[in-house]
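Have a look at the structure that comes next, please.
Each chain carries a letter (A, B, C and D) given by its place in the written order, and its residues are counted from 1.
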Amino acid sequence: MTETTPGWLAPEELETTRAKMPILYVEAVPVRVDESGEVTQIGLLLRIGPDGTVSRTLVSGRVLHHERIRDALLRHLEKDLGPVALPRIPASLQPFTVAEYFPTLGVTEFHDPRQHAVSLAYVVPVAGDCRPRQDALDLVWFSPEEAASALVQQDMPGGQGALLKRALAHVGCLL
Amino acid sequence: MTETTPGWLAPEELETTRAKMPILYVEAVPVRVDESGEVTQIGLLLRIGPDGTVSRTLVSGRVLHHERIRDALLRHLEKDLGPVALPRIPASLQPFTVAEYFPTLGVTEFHDPRQHAVSLAYVVPVAGDCRPRQDALDLVWFSPEEAASALVQQDMPGGQGALLKRALAHVGCLL
Amino acid sequence: MTETTPGWLAPEELETTRAKMPILYVEAVPVRVDESGEVTQIGLLLRIGPDGTVSRTLVSGRVLHHERIRDALLRHLEKDLGPVALPRIPASLQPFTVAEYFPTLGVTEFHDPRQHAVSLAYVVPVAGDCRPRQDALDLVWFSPEEAASALVQQDMPGGQGALLKRALAHVGCLL
Amino acid sequence: MTETTPGWLAPEELETTRAKMPILYVEAVPVRVDESGEVTQIGLLLRIGPDGTVSRTLVSGRVLHHERIRDALLRHLEKDLGPVALPRIPASLQPFTVAEYFPTLGVTEFHDPRQHAVSLAYVVPVAGDCRPRQDALDLVWFSPEEAASALVQQDMPGGQGALLKRALAHVGCLL
């Protein structure tokens, strides 16, 4: 993710590129499922911003040059949930939706002030223990009802709340 | 599956009903996946017909009255693969395709001389040991290339070969 | 739809069958789209019950014996929207979701007191004039925001409001 | 697509960027459908290379900075099929598959010697007249059987034949 990664952009190049072309992302909605595959819980990362604001986010990150989508998903899930989360990457790369984040507000419901990002979104059951790393403080599990509630939705920036609702609809958990 | 199942049809009623309305089925393509979710093997059941003909089939069966699709999938997977196959029923009920089996040849590529059956088809990773039961002799694992080969396809009756190809295409394994 | 349809069930047979096996349905969410395919309006049928209650419904109906899903969709759209609605049946039969209506409350969010029905659901753009027939009084077009509002949702019986929300999520119109 | 497009990369910048990050593409399989939505024909562009080699291709192109996927699809369809093709962009942005083109052979079945490209693929019914422009000589319509044949497949470079097969499987036209 830094200048030490071969084939990736140096920070200043990344800034330039971000201003000139869409950046490819993957996003994963971590879920717990029961034996019949039904989603019982949704995992959201807890982050505290420099100004103390609380936000809840999905697992998300860029796809690197010469990296498969499957490998990017696995890398970001491991980065955000730890090495023993045991994520089950889907067998099909057909995403449940594509989220388009624009630097301009209002083009879509997704907004990223830094860039135009296009994100392939997947629901990913995780079977193991989740131990958030890096800049996330914690991973909190919510019921589908809680995840769709206004209380949780308002803590999800940039339209990720809407993305989560799409995921809940896709797995039949949106009332 | 017989007259002892509450809420289901007696054999003679089933015959009558089959002649008058579409019967709802689920079908599962059992697969082995690697850590990144990529399909490495496809499991096909081996059956020997009364006349000695060999056929290879997917996991398949009816949905009972008052039974959820998830539960029908789990029941048929357990029936055909045994109790320790550890199937991972998908979190979303969106099937990768719908197969329409007609008693008349040529309406679609799917044919079932007994009935008009409509089948919701899913790819289901299995993580445990498979021990076929009932009328299946064995479960054989094939590579994606083998599964799509003419040799295997010709042993798959009623259009299930075409259904398998659709599954391989969906998971990105059809060349 | 009555005893005059060859191959279909007489009314008393239908009653019996409904009590014994799942009945296959198709459901269509009629939408208007702009040139870029974005959904701009959702069409809901207006029905007045015998007791004067207003309900809003999607296009919905059974699949007949020996009828393709495509033909069932076309037949029900024509039945409910009239002969010049010019519906665009999807090229792929992969539904955006499968709705399971149970006669028992609470098994899923879908409920049909008459039967266990399993419904394949599609979003169908319509390009022509809609002239509701049969028991529907009118077809009213709503914006995506209106369609997802509590006011409209409360008029959609049996969980069809939830189905509509899933459709809105699928086409990227659920905020 | 050149230095005159605001917000896009100058040719030399594009070369540099291509070597450093995945480039987002859209691909469209143009099809003719009948009234019931069934695919009857697939349209392939005919191109003659500088060395006289014939190739058949899908509609394909980059997504520009600050451009919606819907608009990129519409732009490339108009560019390749002319202004009166009347394409019906899907209501949902869920692609039927994601194709990953690597500059290295063998990572996936898709290959692009110039770059790492990730392509969101859609089936797009076209209702009007197609008049290829730019570097395509012609648009030829094939039956699904012809499109999947070895004869046509061998003229489709970089794995687009495999992508076409996935599309045919998705719309139920792969035997």
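Just so we're on the same page, contacts are C-beta pairs under 8 Å (C-beta built on N, C-alpha and C of every residue); 3 or more make two chains touch, one makes a residue touch a chain.
Going by UniProt, the chains are A, B, C, D = ADP-ribose pyrophosphatase.
Worth saying up front: this structure is predicted, and the values here are computed from it rather than measured.
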item: Which of B-C and A-C has more C-beta contact pairs; value: B-C
item: Distance between the centres, which are taken as Cα means, of chain C and chain A, whole angstrom; value: 33
item: Rounded Å distance, chain B centre to chain C centre (Cα mean); value: 28
item: Chain B residues counted as touching two or more neighbouring chains; value: 68, 92-94, 96-97, 108, 170, 172
item: Chain contact graph, described as a line, ring, star, complete graph or other shape; value: complete
item: Touching residues on chain D, where the partner in the complex is chain A; value: 7-9, 13, 17, 19-24, 63-69, 92-98, 100, 102-104, 107-108, 116, 118, 120
item: Residue ranges of chain B in contact with chain D within the complex; value: 97, 108-109, 162, 165-166, 168-170, 172, 174-175
item: Complex contacts: residues of chain A adjacent to chain B; value: 31, 33, 35-39, 68, 70-71, 73-74, 88-94, 96, 123, 125, 170-172
